[in-house]
Amino acid sequence: MSVLQVENLSASYRKNKVLYDVNFDVQPGSLTGIVGPNGAGKSTLLKVMLNLHPALSGNVSFFGSTLAKTKSKVGYVPQRGSVDWDFPTNALDVVLMGLYGKVGWFKWPSKDDKELAMESLAQMGMTDYADRQISQLSGGQQQRVFLARALVQNADLYFMDEPLVGVDAATETAIMTTLKRLKSAGKTVMVVHHDLLTVEDYFDHVMLLNKTIIKYGKTEEVFTKKNVQRTYGGTLRWMKEA
Amino acid sequence: MSYEGWILLTASLVGLSCGIIGVFLILRKMVMMADAISHTVLLGIVTAYLITQELNGMPMLIGAIIAGLLTAVLVQWLHSLGVQQDASIGVVFTTLFAIGVILIATKTGNVHLDVQHALMGEITFVPWHTMDVPLIGEIPQATFILLIVLAIVLVMILAFYKEWKITTFDAALAASLGLPVMLMHYVFMTLVSITTVASFDAVGAIMVVAMLITPAAAAYLWTDRLSVMICLSALFGVISAISGYYIAVWIDTSISGSMAFATGIIFVISFIGSPNHGYFARYIRPVTIQD
Amino acid sequence: MLDVFLSPNAQWVLLSTLILGTASGMIGCLAYWKRQSLMSDALSHAALPGVVIAFSIIGYKNLPFMILGAAVSSFLGACFIHWIRSSSRVKEDAAMGIILSVFFGLGVMLMTVVSRTGGGNQAGLDSFIFGQAASMVRTDVYTMLVVALVIITVIIVAFKEWKLFLFDADFAKGLGLSNRLMNGVYLSMLVLVIVIGIQAVGVILMAALLIIPAVSAHYWTHSFKQMLFLSAIFGGGSGMLGTLISTMGKGWPTGPFIVISSASIFIVSLVFGAKRGLLINAFQLRMHRKHHAVRNHSIPRHPVKEVK
């Protein structure tokens, strides 16, 4: 059974069509990098699938069912810039937010929930920063907090929007280690990624996207000079030749 | 209770409810929306008056809620059509407010309902419009309504505290967890509307913006914890309400104007003096980001 | 109705709201593209204490002096907003809310004191809150005309500089256009048009004169020049229309009727606007969908499809 099945998806911002005829199936346990030029609709694709942005047409099914029925199995890491880091709260609290769906209405997070949150902070090497106001964290630390928040959700399918943008090298390594660990635990991860140089090292699947899917499949088969040039409109110089 | 006692109690209730709601207004970046609602609520009150022909608490509250929600829906709708957010707020609230003023000027001609009163508030009249409430006894109508509104605000904020927090901080995550983000937006707009209309008698349409925003902004400069920020903001609201009253008595002027001015003083003190986020804080202790 | 046109004073008032609407429509266009529509709301509220202080110093209603007071007070408000936003974690919308309400509160405080001690003439001050164009005298109209004409001239003369400054301030800077200067001139014009406007429409509704014409004009055109022109016409037209209507009833305030006229133009533009109106949008979306349906039909679906 495929984890995620997308049929015939299209979406627009105002009058501009940003996605059309998107079709793909995602197999469990894959770690996919979504790659494409600016404005290719990478973030929009995630948002449309998660129903955060309306689709013009198409069908998305999660675990052979609808998103509403499988929400607890789906985790989402928005772009770091999408929130206001001046919000009066600390790192632990942000991680706890990942559990709010499970805690349910009218209930407060329990002691166990807090321990879970501390555990995922520890996995991201952020134990010492649990009490820190979030605006006093560096960009990389903020991203680790976001990752910890996703981990605590314990989902089976994760969507991550540019988790490696603007982070330091140590954080990048920590995040990639975590993603690979998720993969080996049988989870499925889809990551919007911007750095073509690291695609082959980081992902076993790659989706080349430019308003529609150019190619999607195993990295060694799909991530070729020809396909990448077609995705980027042929203007990109292939890094292996350089 | 004495005449002055009722005024101080009423003003403090305004400070409390506005202070609590204001925190979320600031964090949700919806300050100008509150400004808009504080104006359009007038249309709701006038319409309620024209329909019922009396200045009664309940129809006024309902009218205000409808007007507040109408504002929120219209702004959202115009924005979805591609008008800039603040331009759509500007179009909607000035138009609805103008309709309200025209209705007052042409239809009512009533001494109880004049625009000046609605805009400036007249807390000195509050203790004279009393009503009998079982168990409590005789209590000014405005004070009673404020008590109920404060109770509603407290219950709503406490019961859904973590939901408010997450929809405010990261609406996208909240939606992906299955929380009804849009519904909560409109519930919040309803809370803003009822708080505004309940504070109307005491401080009026424009000064209610001062009570909503300024104490919360001051509290934002003192703390990094949401719960502390809410308590501080409520406290600042009460302090400015009470000190505003005494300033007004001292120089014999408008009470609502003085309360708004008092919130400004509290903000200035916080802006200059806060150890973490104040104006001088960065000269005393440079911001450190450790990695 | 005819009396309105016959009375010379009414003609002057009509002329002044016409030119005020034109000037504010044009400035509003600049404010719209600077994404500062609500700034005008904050600044017009912030003018109140200045008006009252100027009045209490002189002791009688003197428009040029009150304009000066209002300008100083709005300008201070603008500086405070900038200062709060740039040197603390408080965001711009909250800073505007604070300045708007606290300044207005201070204005009301002072107004109460002045009207108690200042010996009558409160009617002159009250009109600053809701606007009473009919209460203006000939010299008031002269002052307004001069200020509004200066503003219109400044916008027309430096048209291409404004366009560049609004569209891409950094690029403009590269060409040697001082952003500081442009910002200063822009803010001064905004403050000036607000302070001459509050006499006619009042501090609360002044923002409508600046915001609504520009938003309406945007529905009709994609060109900045045409938008500026249309916004000026819409502003001037609603100023005149609103004033005419308000003279039909006794004691009817001018401001709200101008706003309603403006809002009517907005609704017409929203529905019928040639470039972004609802009708044209619905039509285009339908074409979009149709086109889309045809495409899907003609190309068989397969999991991964390549583009031509």
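Miscellaneous remarks
Going by the order they are written in, the chains are A, B and C; count residues from 1 in each one.
Heads up, the rule we're going with is that a contact is a pair of C-beta atoms (placed from the backbone, for glycine too) under 8 Å apart; a residue touches a chain by one contact, two chains touch by 3 or more.
Given the structure is predicted, the values throughout are model-derived calculations rather than measurements.
In the absence of chain A, chains linked through touching still make up one piece.
Inter-chain contacts peak for the pair B-C, counting C-beta pairs in contact. Here the chain at the heart of the structure, going by C-alpha means, is B.
Ranked by separation of Cα centres from chain A, the top chain is C. For the pair chain A and chain B, the distance between C-alpha centroids works out to 39 Å.
Between chain A and chain C the centroid-to-centroid distance comes to 44 Å (mean Cα coordinates, whole Å). Between the CA-based centres of chain B and chain C the separation comes to 25 Å, rounded to the whole angstrom.
In chain A, the residues that reach two or more other chains under the touch definition are 135. Counting only residues that touch two or more partner chains, chain C has 89, 281. Each of residues 29, 82, 220 in chain B touches at least two other chains. The part of chain A that touches chain B in the complex is made up of residues 14, 47, 50-52, 68, 71, 74-76, 78, 82-84, 87-90, 93-94, 97-98, 100-101, 103, 105-106, 108-109, 133, 135-138, 140-141, 149, 168.
For chain B in complex with chain A, the touching residues are 27, 29, 82, 159-163, 165-166, 168-170, 172-179, 220, 223-226, 228-229, 287-291.
Touching chain C in their complex are the following residues of chain B: 26, 29-32, 34-35, 39, 81-84, 86-91, 94-95, 97-99, 101-102, 105-106, 115-116, 119-120, 206-207, 209-210, 212-214, 216-217, 220-221, 248, 251-254, 256-261, 263-264, 267, 271, 277-279. On the side of chain C, the complex with chain B involves touching residues 32, 35-38, 40-41, 45, 84, 87-91, 93-98, 100-102, 104-113, 116, 126, 129-130, 204-205, 207-208, 210-212, 214-215, 218, 249, 251-253, 255-257, 259-260, 263, 266, 270, 276, 278, 281.
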